[in-house]
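The same subunit A turns up in both complexes below, where it pairs with subunit B and then with subunit C.
Right after this comes the complex of A and B.
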């Protein structure tokens, strides 16, 4: 229960209209995109500026109140769920793009700006903000930075951390720190920026960011290629990389995913097609035809069954159809799926898929795999099917073990949050975990900022 | 003076042949590429493996002995100079490339490997390690990581931090931590890797690294373009960027640099040519002709005086001649130069150059500017000339102030080291500095690891 003095002080600080403690309101702040995890806060506050964030943190520290920052609430691992109660700090008022500096390829903005808003704003003047997770329409840049979000263009353009040049962050003690700069080359002091990126809001509250943008590619080409097996597709990927062409997007669907989509929307997959690659190249229009030819030749070397090229925007939509229909198609197999987001060194994707096949067989479950082949990132969906009974939780642990055996990571782009916190030790050994805990304790000695996330208390 | 017990323990730990305390030997470990800074250690030890590094750190902690790690000793800011005495930890025995993983575009190696050795090793199998500082022939990868080295390809390929995927680091307390992974997408725990990159060996001793490599570009093209002024060159750079072409290299020489080189080697510069751009594009052979055309058109729009394209390797060497001859050419103006390495947001280079011109006038000195235009990184040479008397130190402070006025950084790619440590506060405000000091104290409570570097004690 929140202390009444704390509540009164908070109301006095931000005014009654920017904080709420009513039980009904709490529901809206109790979840993210994870289907299972739920926890209600005891209060919600929407600060207006960094000074308020700082005062709220100091107040929370005085009264030992947990504070959970929240952006768009679109995460998959419960990173913004207030598992220890306390207050949610909703960053929705921090929604301004402060400056678009075209000459220096920079944007200065507040964390509550929706990623798509940023993308559309810079698109108007011929620039691109590359990180492109599926949730761009509602995820905020602050959440993307906190989770180091990835997306479909990471294979060529990298992930969110590659675009964050500087941050303004309020620390749990109320100090306001400024990290990084507007300069591409910057070795002045420790790199605190990238310590905050991906720290899931456990070290400080982001109140401003400087992000890098790039010239928008002149053109792009979209292709799909199908193969009998994922091993064959993997050979094609190696052959493509050997040509020196770096696709901007390199997505894959495994056999179960392909079959599900075929059943759902009939996109023309033949029974022998057990793997699909969806690829895009972008850059100077002049160069792309030759890149497409190289990719096609590489696929043909490796036994491609069907190779399709988009000749128009309509064609492109058509090629994306299978990938886009996937979530819907999988609902035909089962309404309840256990999802996971993992990564392995790229060349080990086929091995990982074989291990997943073994797990499916071991537990008599269905596993559908798809995701970002080009950066080794697999999204795994597991289910016992429509009438299959309860999901064998042990299968999830087997996935973790398989990931670790291949030197992969249990979290690729969706964070650890509170959902995977008990598994982090599979990736992080004890001396390193100890150092991470010390860093957390240094920034947040009382453990009040987004508690229960990233790692267990020591 | 080193405690005799410490010396005896160290000898026992590594054997007499891998440590030395003789005054003559100390000279070799007292300097780096900085012409002024010198400080001798009291002992030098060359550990063979991480366990020895760990034991040495523990021993140093027991006896309060400063430890300064050293790679190739090619830094410019005294990062490896043992300013507080103690021992130098020479990483020369850590010189093995442990694994080249072609399929996953990774190399695992020890920190004492010379950067050029790494580059040549991967070149043999069609791969490239992009960071390319001028010192690749003798700088080590450990030193490059510690300093977050840049170089001439950063404009397209980024700096060292973009290629470090994971590290093994021995902490001052002897703990061995493992950061990062072999995976492109990895959000498992805090990003400690990038906290170590650029921390100049003040937080831990790197004993192993996983670095990313990329497919070697199929081809490249080299061009030079001259303009009447750097402002004109700057317009051309904006026009080039607007085409979407991203050069791999975009170097510049200002008027004094151009004139010096012309005088020294006669490369054909006309008196009206007051700025030179040296550019390279790389990628698929097919695409490059069109990129060169676009660059040429952009330069022509902006009043280029002479545009040259290399048609052969010989031509390329010829175009690089002016850039390569620069150090030598500047020696004709003066033998003693005060060098600096700064960066500004790229579009502000002309403004920065104007400020430098004003400083030159104010103190009646000569300032030659050159460097990596594409990433806003200016190398500044300042001198009073051959018989010009002592250098006015205040001019250096004026440079710092000019940098700060343009939101630039006082250190771009050469580190802070011990040379710029008193100026860091110009870039880092007090709350942020306090956090950096706390991080240093967390890792190294006694302040024994590479003391006197990066920042002043609080």
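Right after this comes the complex of A and C.
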């Protein structure tokens, strides 16, 4: 129960129209895109500026109220779900792009800006903000930074952390700190920026960010290649890398995914096609034809069954159709899926898929794998089928063990949130965990900022 | 209401809401398209928020009260969220169902009830009222210079000093035109909608002129009734059912599958989807409503798909003297997926390319009685739209729905930067005819 004095002070601070305690609003801030986890806050506050954020944090600290920052609420791991109650700090009103600095290739913006808005804004002047997760159209830059989001271009361009140059952050005690700068080379002091990127809102509340942008590639080419098995596809990927070509995007679908999409939309897959690679290269127009030729030759050398090239935007959409239709296609197999997001060193993807096949057999379940081959990130969908009964939870633990055996990570781009906290120890050993806890305690001695996320309390 | 029917209705509500809630993965894609959330960023106004809250209401975890009603009333039913949703969740269906439940629990607000009762009156009574109204209106309102609209002479509720009020026609369109054309020609049935019938009769006359010019006869069944969208939006399902039944009679199929054309995006949406969404599982109505849905075409859709292109090209003079911008009615673009057709018609009328505004798909903020019940927010949504239109410096703003026209004309009146006229695309095409 929130203390009445706290409620009154909060109302006085931001006004009655920017904080709410009504039961229906608590329902509306109890979720993100995680299918199961829900928890209601006891209040929601929508600050307008960093000073308000600072005052709210001080108030929360005075009255021991948990605070959960929230961006677009599009995460999969419950990162913005207020699992210990308290208040949600909704950052929706921080939605301004403050400066587009073309000469210095950077943008200064507030955390509530939708990533696509940023992308469209810089696209107008021939620049590109590369991180491109599937939720680009509705996720916010603040959420992307907090989760260190990835996306489909990571293989060539990296992930969010590679584009954050500086941050303005309000700490749990209300202090407003500034990390990083507008400079590419900057070794003045500790690299605090990267400490906050991916910290899932547990160390501070981001109120401003300086992000890097790059020149927009002149052109791109899209291709798909199918193989009999994922091993064959893996050989092709090695052969492609050996040519020196670096695709911007390198997505894959495994046999179950290919079959599901074929059944749902009929994109022309043959029965012998057990793996699909979707590739894009970008750069200067004249260089791309030769890159496509090299990729095609590498695929042919490794037994490609069908190789398709997009000649137009329409063709490109056509090639992307299979990848985009996947979620929908998998729903035809079953409506209830247990999803996971893991990564392994890229050359070990075929080994990981073999281990997943074994797990599927062991528990008599269906496992569909797809994702970002080029950066080792596999999205795993597991189900017992349409009327297959309850899902064997142990299968999920077996996946974790398999990941660890291959030196992979239990979370690639969706965060730990509140749903993977108990598994973090599989990746982080005790001395390292202890250090992480000390860092958390230094920033947030009372453990009030986004509690219950990233790691278990010591 | 008996206890039994009350419980049955609750169970039906839960079933419908749960069905949509199961589809919604709460990704938040709906946040970016909602005009209400765009104005007031609170999760309660998003489609996923409404679906989650509706589920709690239907389960009895939340109460039906003024606070919970507010958020369901705060939906323009633009269908933007439903058309954007990758999972196919229909928040618009949920909103309508919950409003129906609120109507049961708490009654319909007086304003909405008055609108619904008026529009569902028998035709003769409505026509007589319109006749008196057209005279009385001159006492209460003054003409807006250069337009067919009016504004008030003295203070009155819900009408501020700048409010654009459409002029009531001295004679309803359906009393003027019953049939226009020649026997033996291809024929359409014209579903006029209330706005065209009582206020913007020029849209009806334009449609007839264009179709006759193309050698198509137009039949205007006089007994057609309000499509029922305003009543559906306020949860008065029994009234909607009556309207549907009246229209089943008026638009009865004579076995020839004559197309039903409309120039109102909302009427089109209602005829194509609204009836079936609500009464699709009612065995008494569904077959005939499905037939109406299958035969209904927006006028621009009809022109682009049923008329010979050469004939259509020969129709307009194409002087290229007018630069037009275009506003997408939500119920045409989002609900009916009709995007290119009205633009092509407009280009035929003006002889040049459309001067696209920023976010042509953004809602104008009318939402039926929404603009009266939530006036301030509606005006803010409207203001953004007019700013975007004004930035194009076009000579005229075209659209394809009389409701939008009403709202846009009101917006232009309130905006100092522009005085551009607002017209229906079919009007512009009729004006451009040789």
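Basically, the second predicted complex is superposed on the first by the 458 of 458 C-alpha atoms of A that agree within 3 Å, B and C clash if a C-alpha of one lies under 4 Å from a C-alpha of the other, contacts with A are read in each partner's own complex, and residues count from 1 in each chain.
Rule of thumb we're sticking to: contacts are C-beta pairs under 8 Å (C-beta built on N, C-alpha and C of every residue); 3 or more make two chains touch, one makes a residue touch a chain.
Because the structure is a prediction, the values reported are computed rather than measured.
**Student:** Output check: A:24 vs subunit B and subunit C. Expected answer is one of first, second, both, neither. What do you get?
**Tutor:** So A:24 only meets subunit C here.
**Student:** Tell me which partner A:46 touches in the superposition: subunit B (first), subunit C (second), both or neither.
**Tutor:** After superposing on A, A:46 lies in contact with subunit C but is clear of subunit B.
**Student:** Using the touch definition from the top, say if A:33 reaches subunit B (first), subunit C (second), both or neither.
**Tutor:** After superposing on A, A:33 lies in contact with subunit C but is clear of subunit B.
**Student:** Which of the two partners, first being subunit B and second being subunit C, lies in contact with A:137: first, second, both, or neither?
**Tutor:** Only subunit C is touched by A:137; subunit B is not.
**Student:** After lining up the shared chain so the two structures overlap, which partner does A:74 touch, if you call subunit B first and subunit C second: first, second, both or neither?
**Tutor:** Second partner only.
**Student:** Hey, is it subunit B or subunit C that touches more of subunit A?
**Tutor:** More residues of subunit A are touched by B.
**Student:** In the superposed arrangement, does A:377 touch subunit B (first), subunit C (second), both or neither?
**Tutor:** first
**Student:** With both complexes superposed on chain A, which partner does A:237 reach: first (subunit B), second (subunit C), both or neither?
**Tutor:** A:237: touches no partner chain.
**Student:** With the touch criterion stated at the top, can you tell me which subunit A residues are shared between the subunit B interface and the subunit C interface?
**Tutor:** Overlap of subunit B and subunit C footprints on subunit A: empty.
**Student:** So in the complex, the part of subunit A that touches subunit C is made up of which residues?
**Tutor:** The touching residues are 20, 22-25, 27-33, 35, 44, 46, 72-74, 90, 92-93, 95, 112, 114, 116, 135, 137-139, 327-328, 335.
**Student:** Provide the residue numbers of subunit B that touch subunit A in the complex, in ascending order.
**Tutor:** 101, 103-106, 126, 147-148, 150, 154-155, 158-159, 161-162, 171, 175-179, 181-192, 194-195, 197-199, 203, 214-218, 238, 241-242, 244-246, 283-284, 286-287, 290-291, 294, 343-348, 372, 375-377, 407-416, 424, 427-429, 431-436, 438-440, 442-443, 454-455
**Student:** Flag every residue of subunit C that touches subunit A in the complex, lowest number first.
**Tutor:** 22, 25-32, 41-44, 46, 48-49, 52-53, 56, 61-63, 67-68, 71, 86
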